[in-house]
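Questions regarding the structure given below will be posed in turn.
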Amino acid sequence: MGKYFLRRSIQLVVVAFIISILAFLLVHLLPGDPSVTILGPNDTAQNRAILLKQLGLNKPLWQQYTTWLTAVFHGNLGQSYLNHESVVHILATGFPIDLELIVISQIIAFAVAIPLALFTSRRPNRPVDNVATTGTFGLLALPPFVIAPILVAVFAVGLNWFPATGFVPLTQDPWANLQHMILPSVAITFGSIAVYYRLLRSDLISTLQQDFITMARSKGLSNRRIMWRHAFRPSTFSLLAAAGVNIGGLIAGTFIVEYLFALSGIGFSLVQAVNQRDYLVVQGISLVVALAYVILQFIVDFLFTVVDPRVSRG
Amino acid sequence: MTRANEITRRTFLSRGAVAGGAVVLGGAAGGLLTGCSSSTSTTSTTSSGGKPGVGSGPPVRGGTLTVGTIAEIDGFYPPNNHWDTNGFLYANAIYDPLMAIAADGTIVPYLAQSMTPNSTYDAWTLTLRPNVKFNDGSALTSAVVKANFDALKSSLLAGPALAQITGVTVPDGMTIVYQLEAPNPYFPAGLTTQVGYVVGEAMIKQVQSGTANATPVGTGPFVYSSWQPNDHFTATRNPNYWRSGLPYLDQITFKPIPDTTQREATLRTGGVDMIISSDANTIVNFQGQSGYQLVDSRTGVLGEPTVACLMLNMVTPPTNDLTIRQALAKSLNVTVLQKLFGAGFAKPLDGIFLPGSPYYGNTGYPGYDPSAARQLVAAYKAKHGTPSLELLTVTDPYLAKVVQVVQQMWNQVGFNVSVNEIQQANLITDFVTGEFQAATLAQFGAINPDLNYVWWSTTTISPIGSIGLNFTRMDDPVIEQAMLTGRHTTDQATRVKAYQTVNDQLAQQLPYLWLNQYLFSEVAQDRVQNFDNATLPSGKPQYSFQEGIFWPAQIWLAG
Amino acid sequence: MTTVSDTVPGTDDLVLDVRDLVVEFKTGRQRVQAVSGVTFQVRRGETLGLVGESGCGKSTTGRTLVQVQPATAGTIVYRGEDLTALTGRRLRQLRTKIQMIFQDPISSLNPRRRVRDIVAEPLVIWGRGTKAERDQKVREMLEAVGIDPDSSGDRRPQEFSGGQCQRISIARALMADPELLICDEPVSALDVSVQAQILNLLADLKERFSLTMVFIAHDLAVVKTVSDRVAVMYLGKLVEVAGSDELYRQAAHPYTEALLASIPEPDPDAQELQPALSGELPSPLDPPSGCRFRTRCPYAQERCAAEEPPLREIAPGHQVACHFPLHGTPAPADQAPAPT
Amino acid sequence: MSAVRRTRGRTLEFKDVHDGGGPLLAVEDLHTAFRTTRGTVRAVDGVSFELQAGTTLGIVGESGSGKTVLSRSIMGLLPPHDVLRSGTVHFAGHELTAMKPSELRQVWGAELSMIFQDPMTALNPVKRIGKQITESLLLHLDMDKKEAASTAVELLRSVGIPSPEERVRWYPFQLSGGMRQRVMIAIALACAPRLVLADEPTTGLDVTVQAQILDLLGDLQRERHMAVILVTHDLGVVASRADEIIVMYAGRIVERAPADTLFHDTHMPYTKALMESIPRLADPAGTRLTAIPGRPPDLIHPPKGCRFAPRCPYAQTKCLEAEPPLRTAGSPDHLFACWFPLVNGVSTAPAPVAGNGAAATTLPDGPGDTATATAQAASGGTDAAAPGSGDGPTAGGETEAEA
Amino acid sequence: MPDDRELASTHAADQLLGDRFPGMAATDELVVSRQSEALDSDDILLRRPLGILFWLALAWVAVVALAAIFANVLPLHNPNFQNYNAINQGPSFHYLLGTDDLGRDLLSRLVFGARVSLIVGFVSVAIGMAVGGTGGLVSGYLGGAVDGSLNALSFVILAYPAIVAVIAIVAFWGQSLWKITIIIGVGTIPLLFRVVRASSLSFANRDFVIAAKTMGATTPRILFREILPNVVPVALTFGLITVAGVIVIEGSLAFLGLSVKLPTPSWGNLISEGTSNGNISINPLILLWPSLCMFLLLLSINLIGDRLRQRFDIREGLL
């Protein structure tokens, strides 16, 4: 087990290294440079040259890369060229928001998808199942940017149940925090619900046809116990894998929702930074996001071993 | 997120603004200004009775005002940051400018007590208001102002704006003398802008010692409390504010909400008390709505308004051909444009001045004449083939609409127009290097026309591919001459003539095709009192709604 | 059908000569020997049965013979050519001479292809014959295995039962004109009634197409019925090789004896079964020292733990790897008491 | 290890039948059919028999004969829909067929339990084996966790699993096939049931392990005075282990007799054919086996008359037209369904009908045969399991052995 | 003690493990093992008729596709023509679905927009499938170092925030239907690679593949004749669902102004226009129609994909 994790960690480092190159190169290959956005209309040839020198952007790429990487190793991701906010700080304030968005949306998704799947999979292709399946397909067809304005119009402006935009830190006021996060979380949860429900349902249907379920029935166990204790866990592989990919996509992938709900998450910061060629911010966020993805998959892998002991011991 | 790119570039002393098209506001002010016809900002009626933005009843102390803004400020340090509408909103809360604009357009002292020129207008003496303290307890002295100046001067960003100042001396603790390279009767106007805002020495030291985000230290009505970019900025009441009794509010918070629909929704749900908007639809949505007060810039602003226009490249074919530019101008149906984009509110333009401005005059700008345009295109086509051009714009839903309408109008007279949406960062590069044919632009908001000199000057032309601030590469000695005349004279008649010449010449040469005035608005819930009714320390009415910018010290919340 | 245990074959008769075959798998950090030094020969026309419990390495041996599983050491000489040394086209060519029938008849047929195409595949690969000739041969072969080519040719494997799939898979194997057929538990997934059909079919085809076979199974009764000689494998090693009848009459290795004893007889009066083999196959990761069977052998002595018994001939054509065989001469240098 | 039976929340009381006479299990005219898109598959078609406490009944038949469905029907362990069941099953004085699901659950695992064919798939792969054993102990015997845990260890020990204290923490995949089957037996026997239904318990196993497992089952049965129903396709497996044997064909009982009688005085040609298709060690190498040609019939449209007639070497015109009843001749406990039963291994039929016959052992599967095969495939898991609870159509009847 | 067969597959799995990267291996492995388990499971579903919903869905996709293909010959208004005298009109005989805020006919914009959405949807997935699918097919079958590195590469690409890459490429390359299609297509490569690879892997050691080897089949032949036909259903089904996803992604890009060039309509940019300030309150039809069409199309595509999946008996776990 230890060796397994050691090997994984080495792979993690390799992936991180490749990602760091990618993160670095991609922004530097972009047309336009940060001096333009910094100088704005004061852009003159001399000014630009001086500024590039000040920012160290006149050096060869590899040199810039090594400088950056060295700093990264010291925990310094640099700071924004524009507002001088440190990237670490952007991440420190933005990540909790994304994390909360992801956690709440996933809790909602699981809370809806799992019971629904457990319910419908026992009677597949009956009316209730058909309605649920078709309904979740419908959810897939509603992207966040359509959902969000509708949610706000109905639940914020119309019913006044939730605030329309904004964020209150959890530490400051948990209840207000939750109220603020509900609508954006719901806006991104629809796709997740659909995917999770469908995967779990289909896996459950397969699992329920397995001998060990019949075996469990033959022991006299109740249906509820069979569903939760016997059928559920072995049916969660696809769900886990999909959740890994899905959540991975949500890290920094929630920028539309962040934009619409005026949340200062890292997705929005990232998009803004790319548009402004704020290299260090882009590099720093990309790197951390990619690492978060890698770590997430690491966790998913670990969960696989929890869910199915065959994975680690087989 | 492209809409976030409404981050606009308001700039330093003598610069008008550029922006890829979206809003930009010439914050600059110039000296000016007699005769500026417009009074202060305009107002519309509100259902709750009374004048919107003007407090009724006695002021009430206390409370927190939350304002939904269009975008985030990029920082609080004048030498290093670009302040747009939001920037100035934040700055007005925590800093004070040396000079300010009165409702009648005159430039009056604010943090300064007085400012006087020498007889040749090339040296200005500024005396500071006594007993003003920064929120860190330090006193406002001429040394601090000098330190501010030095920081600005050495800044790559702000430095060029101060080029005309050859030296600053501090004869005593409260006096500063500015030496100018040439006479400038309108110099004080510059001190109403970003470079006129004074920050405490502690902050300058912090920045110079390398602290990235120095804590703002100002003399303003509120004290910096917290800032989380893209989330909120909060300032709390400055108990020792030099304007006694002010501010009324305990706290003010700004929340950037980039999406207009969501910003309006947030106002409606009470998430914020007040919003700023540069979308004309906001006026439509809130006009006459009970419970809300609407203030907007429809009836005019001091000086030049920010205008939306199309910029044409004067060097690159086919727009280097005057007949083509004329055809392009004649094919624009301004009435339709007004209807579609000003929400029916914007005024038609025939130049950079609105009617009522002393410089306004009939410029002879070509009107809508599609058949004439068709003839011009046909003539061109006979010689050079179908004129095709690319209309460049920045990614923005509003501008997307504009360019599509323009495209159809141009295509209908025989052009072959394609549109291209690019990002702000790329757009500015294309502008300064002249690599465009036609592009959307929002620019020129300035109190003093002189502020726009760099954009039109023959001295700022560069070849295509190299950086030059004369984007259109318009090489017009008449305009150059007129601009210089306007700059140096103190005679109002000469100025009027000079700027009318510029305006006429622009209508002749057609580097810009005028679309409409940019409309800013502020919408507040009824309980927000007095947000458009600021007075100066002297008691005189202040220019309190400057294209989306307001002064927070005198706002109060009705019980 | 010839019984060759006592004939002295010429070299022409030697179809397959396997020497010291070792096959290893990596599992994590460890290497597992599935086959540890197996040597045997198969002569022309002969059926060699390979029998043993699950995990003894018999299937791995079979797969190595067709080189879908690389050998770690040793040689597999088919008609004078060492397969383990071949690659590329020559290996592909030679492979067609050795065909394999698999345990799971359903998974050995591509579920997405039609029976006709599956069976024709060997010809198509080598571009043999015209389309018409190929079709003709497919018909013949399907008929030969008892599948109606007209009604079945266009169907897909799912539509057939296990027994029929096994027939189709046999037809495919025969299309390549093989000389050697490796049957890897071809009937263990089938009902006894179907098992008999397939075994009979294989016997018929063997004669008709002059095949040589290696027949792998865990059921000694099945193996014995179809084989001329039987090799018994235990934990990666051959423990006994003998003619089929000889093996049944005079099983020399205690393991063989145990295997024989385990087979249920369809007769309620059959002798009360001897205690079946107890315990489990030890882990190949850590095989017992000496004789690998000693941990389960009722006759194990000290010597069995100390010294590994070599495969030696105790009678003509009868080899056994046991220090104390149940029949024949005990191992030389044997001073231990004979088994009881 | 005799567990003390406690009765928490138990609403059913079971008679102690083995003293009071009367059969432990009485199955009467049991029919089970599955509705499929192609039609109704009559997997079990009128089966009646009785079983005495402590005895072993072997049910033998080819894939598709309905033997597995029969065992599940007896238990009532069928999918919730598309199943039609009629007839009655009495078990220890209760009518299982009339029970509500909640009542059935009190019987399942406690009085009546099941051993499945493939221990790999019948054990929950992600639960420790200890948990899988204690589950029914906790449910039925009202033990506390500690007691259940120690009982589980004892159970594992009793089924011959070495160092059971350690193994309770193992997962099924860590065990060999034989060990897994032992675990399954331990689970089935945990609550000391009166009847165990073993469905092909050794089919996926090596012969050596098969012998061990069958011996173990026999020992435990004697020890606990359980009745066992042993379902298999291999007559050899039940020959010396069953007291009575039922031979099924196409959903029906075709012969039923005490084991000795069945083997020594076989009346059904089908039974005989099944016996002869088994390779025997005593036969010399190269002995040709006697195979049954063709395949079992489509249970959606079973043939008229005797269902085995199309494959029977002795079939007469009568066989093809009229269905033979299950009757006795001579000994009253020997039932068979054949118009022309074998007597002393010789058919009483006049002469075989042309076209049938075991003579053509490698009989090509004709076109009609293929259709049958397809139909059989479609009716699918009727044998191995009911639709929806096991194998698919592709696998046909053979899935049972796919382990 | 595992049996020979198990050992062999352990071995195969282990070769994978040797080269595996975090996040990939366990999934694939499980997918593989589960898929084989699933082969004999879904039988009730398998035999179900496709159902009325399937045919309705197919009909809708057909209607959309035909409309898109024949948009030019249909009696429609010019989708880009702005009639300033008919702004924000409701449905009428002349404008069946009404007009937008520039006086353009919503119906014809919808029809021409379908063209873009369908091209982006299907062509980009075709690109992803051609590259990622082929790569996955080969990688899954061959295993070893090639597989290891391709797998790692796909992992890295998935880990990198996609939006940065999209903005970068669009900025670099400009916007047009084909460029957007290619960019999205490239984006789908790692995903399709993984799915096809997992599927390919699950067949790589099947007996019929070994049989083909023993018959002397070359590697390309095995790939295309033996493995490919088995992978196709998975690829097709997942591909269809990806198409649905891509249409949504195009919408998101349009929302960011990163999609096709103006004034070309796509459902994505119609929706984006519909949600802009003013429109949503003044003329909700601009949002309603494309949303409804997209909803129905995605619903249909997903339903079709799902029914096909059931037909071919593919586990959703692969997706």
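Per-chain numbering from 1; labels A, B, C, D and E assigned in written order.
In this section, a contact is a pair of C-beta atoms (placed from the backbone, for glycine too) under 8 Å apart; a residue touches a chain by one contact, two chains touch by 3 or more.
Since this is a predicted model, take the numbers as computed values, not measurements.
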Intersection of contact partners for chain B and chain C: E
Chain pair with more C-beta contacts, A-E versus B-E: A-E
Centroid distance [mean C-alpha coordinates] between chain E and chain A, Å: 20
Distance from chain B to chain A - Cα centre to Cα centre, in angstrom: 39
For chain B paired with chain D, centre-to-centre distance based on mean C-alpha positions, whole Å: 89
Between chain E and chain C, distance of the C-alpha-averaged centres to the nearest whole Å: 47
Chain A, residues touching no fewer than two other chains: 31-32, 149, 153, 209-210, 255-256, 271, 275, 308, 314
Numbers and ranges of chain D residues touching at least 2 other chains: 176-177, 388, 390, 393-395
Junction residues of chain B, two or more chains touched: 1-2, 259, 261, 423, 426
Chain B contact footprint on chain E (complex, rising order): 80-82, 84, 87, 101-102, 167, 171, 174-175, 256-258, 261-263, 272-273, 275-278, 280-282
Residue ranges of chain C touching chain D (in the complex, touch as defined): 1, 3, 53-55, 104-106, 111, 143, 146-148, 150-152, 155, 157-164, 167, 188-197, 199-201, 203-204, 218-222, 224-228, 243-245, 248, 258-270, 272-273, 276-278, 280-281
In the complex with chain E, residue positions of chain A that touch it: 8, 11-12, 14-15, 18-19, 22-23, 26-27, 29-32, 124-125, 130, 133-134, 137-138, 140-143, 145-146, 149, 153, 198-199, 202-203, 205-206, 209-210, 237-238, 241-242, 244-245, 248-249, 251-253, 255-256, 267, 270-271, 274-275, 282, 285-286, 289-291, 293-294, 296-298, 300-301, 304-305, 308, 311, 314
Of all residues in chain A, those that touch chain D in their complex: 122-123, 209-222, 229-230, 233-234, 307-310, 313-314
Of chain C, residues touching chain E in the complex: 25-28, 32, 34, 54-60, 63, 66, 68-69, 92-93, 95-96, 98-100, 102-104, 107-113, 121-122, 125-126, 169, 172-173, 176, 280-284
